[in-house]
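The structure that follows is given in the form of structure tokens.
In this document, chain identifiers A, B, C and D correspond to the written order of the chains, with residue numbering beginning at 1 in each.
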Amino acid sequence: MKEKPIITAEEAIARIKDGDTLMVSGFMGVGTPLGLMKALGESGRKDMTLICSDNGLFLGDESAATGVAPNVLKKQFKKYIASHIGLNKETQRQMLSGEAEVELVPQGTLAERIRSGGTGLGGFLTPTGVGTAVQEGKQVITVEGKDYLLELPLKSDYTLIRAAKADKAGNLTYSASARNFAPLMAMAGETVIVEADEIVEIGTLDPETVVTPGIFVHYIVQRGEA
Amino acid sequence: MIEYKEDKTKIARRIARIFKDGDYVNLGIGLPTLVGNYVPEDVHIVLQSENGFLGLGEAPDEDNFNPDIVNAGGVPCTIIEGACFFDSAVSFGIIRGGHLDYTVLGVLEVDQEGNLANYMIPGKMVPGMGGAMDLLTGAKKVICATVHFDKHGKSKMVHSCSLPLTAKGEVDIIVTDLGMFEVRNGSFVLKEYFAPATPEWIVENTRGDIVIDPDCREFVFI
Amino acid sequence: MKEKPIITAEEAIARIKDGDTLMVSGFMGVGTPLGLMKALGESGRKDMTLICSDNGLFLGDESAATGVAPNVLKKQFKKYIASHIGLNKETQRQMLSGEAEVELVPQGTLAERIRSGGTGLGGFLTPTGVGTAVQEGKQVITVEGKDYLLELPLKSDYTLIRAAKADKAGNLTYSASARNFAPLMAMAGETVIVEADEIVEIGTLDPETVVTPGIFVHYIVQRGEA
Amino acid sequence: MIEYKEDKTKIARRIARIFKDGDYVNLGIGLPTLVGNYVPEDVHIVLQSENGFLGLGEAPDEDNFNPDIVNAGGVPCTIIEGACFFDSAVSFGIIRGGHLDYTVLGVLEVDQEGNLANYMIPGKMVPGMGGAMDLLTGAKKVICATVHFDKHGKSKMVHSCSLPLTAKGEVDIIVTDLGMFEVRNGSFVLKEYFAPATPEWIVENTRGDIVIDPDCREFVFI
């Protein structure tokens, strides 16, 4: 099986352009590919759209910022698509000042929109959000007497995820609740870059327990010190 | 004359007695999390953490701390035997698919039509709904856990929510520090009251239509 | 964690009623819960709807029938929902004679309809089948200039699946390509009965490698000799 | 005067040379399966089996036979190093999501608009479409593999399919035992011919509009 290129975080980030749409794994910083995000922060890349469960933690102390919050502080994004931004004061500030646009999406709908993008669906019908502000501007479709919102797929130019193990063919496993959005975002990225805690030889992962098949993965980066 | 004293433990203790052995439950952040402390020893429930596992355990000590295991509030936790991890699509498939027996959620306002507002105050607090909308829509039964009064002394149970809704008509049960209510046919139905509150005092001090259930009784905390 | 009831195949099947809708895992017989299907065959249950990838193999020799084919031969179903029935001559015969109804569904659409049923979605938009006979009677929805078919969810009264290992809490792993539809059908069943090659104690399965969480499982049956 | 002799190996051998190292490919049942035998040794492709894995290997011998590993035709097979298993929703997520570089499928009829009919003959053969519709719709490139003539001596390439379509306008490349064609702007475009066939003879013996590519050349099998 052909091996996927193993590159540095800097080499990976150098591919990204201003204005690109990124998906970044992690839930409150757990599962965030921190080496890649650090390199992204140093790259000066800007005007990007960030699709991420949340915006990490930032309550005023920059040195305590977690997850994607350092990148938010560097104002690298013009738009956020997230299910929760309440623990990042800078995102709140950017939103209220109009510096950045925020699209808040129910977490299950966010997961499913990413999965739709990755699996070639044109969207899906969900009961979540019916009769709430989430319904605004969306098509309501009634199936067997019940109302659903038509939610549309999300895709990314670059997906940045953290994995526990990557074999050189790109097959991935994850660590505990650090898994969260990563397997979905891996399907939905035009280019998928994995930061792996450990890179192993092809044939060492059990074919039964691979979570993300290597077909979704384009580049592998060894996780460094964050 | 009844003297009201806010008491969150009553709420958590009462809700903890609702579950049956084997139930699957999701506890929201804040007050709902307290419920886990009061489940009777012979009732084994499985807690879901919507960031991706079933079998949420207690807070870790130094020996079993794993930075990759956090609950839906991002707080380090442990897992119990029989736990398993999955991705966010499976997690919300469990939630939206009606596989959870109960979800317990906090309240800003809850009304007699079963509408809940608990995720934003326009112009003040716009944190995002996280998993709350899916939990309300999907769980078999939705339990609201809330102190009866807001900081201005007004009941959080209302005729009709004025804040943006988290979900429409999904609330089944409300437990406050005054009693336990069901939402039925456009009214709050008082099922139990907690001393020193009385049904009459609860009706007087709630902004919503309350029907006192024929079988309404005092629930005694022991 | 509470244990799920471990019952016999006969006890499991006794719960099923004439006219129920069943989902049965397996692909050309691989992953079919054969002990449960044998008990179903002996139960005399009839007029059921069968949702299954295919109808197994039956080319004329009853003793060589595989997968769900023996149950088809016993005429236990009034309707089949499947992606392929070409290797079961009896299903073809029942279809042509009008004894049973057959709904043919593209395999990916079948998988997704079952997943939709299990995850509380009201349906999904797929490009598969646009401009073909599959489109007949379905709503066509255009998203960003591209046509999609609205496909609706499937659920079952009983889901019968085969697993490799089940712990007593109902957590499951599978064996190789015997996995196929089982994890999806497990989500979509009102009652889910698992025939496990091996039943193990709670705590013996790695939480990272469980494929089907126990929340979806209601009864466990030990796999016998088929 | 050209003497035609059906030759499936030409088709398989030519298609096998299309792939690049690292491509992910799904081979349909029948003739397409043959393609796997002719991929050059220095080109490592990964074969998907739509019943749930990537890394399809050769037929098993007694030592590595596993009844739970079968290909999409239900035939026992093996897996290669680096393979992994998944459920049918992930499998068709890969297919429909555009993650496969190529799918190779058989033909009843294929027309110059890129329509393919390969799954049923009304009144005669109604086996169901299996995964074919998803594969056609989802793969980055669709390759049709077929002998040029049906048993009545008529070309399986036609102006317009008369049989029920498997998918509309999805075919990119057609390889027969006479040559290789692309489907472009409503025509078959002849890219290569296989001796003893000549472009002119192919045009004469095909029921469809063929444009001969300016760079059309003979492909020599070595």
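The working rule: a residue touches a chain if its C-beta (ideal position, glycine included) is under 8 Å from a C-beta of that chain, and two chains touch if they have at least 3 such contacts.
The structure presented is a predicted model; accordingly, all values stated were derived computationally and were not measured.
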The larger set of C-beta contacts, choosing between A-B and B-C, lies at A-B
Just how far, in Å, is the C-alpha centre of chain C from the one of chain A? 33
Averaging only over C-alpha atoms, locate the centres of chain B and chain C and give their separation in whole Å. 35
For chain C and chain D, let me know how many angstrom lie between their CA-based centres, rounded off. 29
Which residues belonging to chain D are in contact with no fewer than two other chains? 53, 79, 85-86, 89, 92-93, 95-96, 137-138
The positions of chain A in contact with two or more other chains are 112, 115, 119-121, 126-127, 174-176, 207-208
According to the definition already given, which pairs of chains are in contact? A-B, A-C, A-D, B-C, C-D
Under the stated contact criterion, what part of chain A meets chain C in this complex? 112, 116, 119-127, 141, 143, 146, 148, 150, 152, 173-176, 206-209
Name, in rising order, each residue of chain D that touches chain C in their complex. 49-53, 66-70, 73-74, 79, 85-89, 91-93, 95-96, 125-134, 137-138, 164-169
Chain C touches which residues of chain B in the complex? 21-22, 24, 44, 46, 48, 53-55, 79-86, 89-90, 92-100, 137-138
Residue ranges of chain A in contact with chain D within the complex: 1-2, 115, 118-121, 167, 169, 171, 187, 202-203, 205, 207-208, 210, 213-216
Which of the residues in chain A end up touching chain B in this complex? 27-31, 53-54, 57, 82-87, 92, 95, 104, 106-112, 114-115, 126-134, 174-184, 211
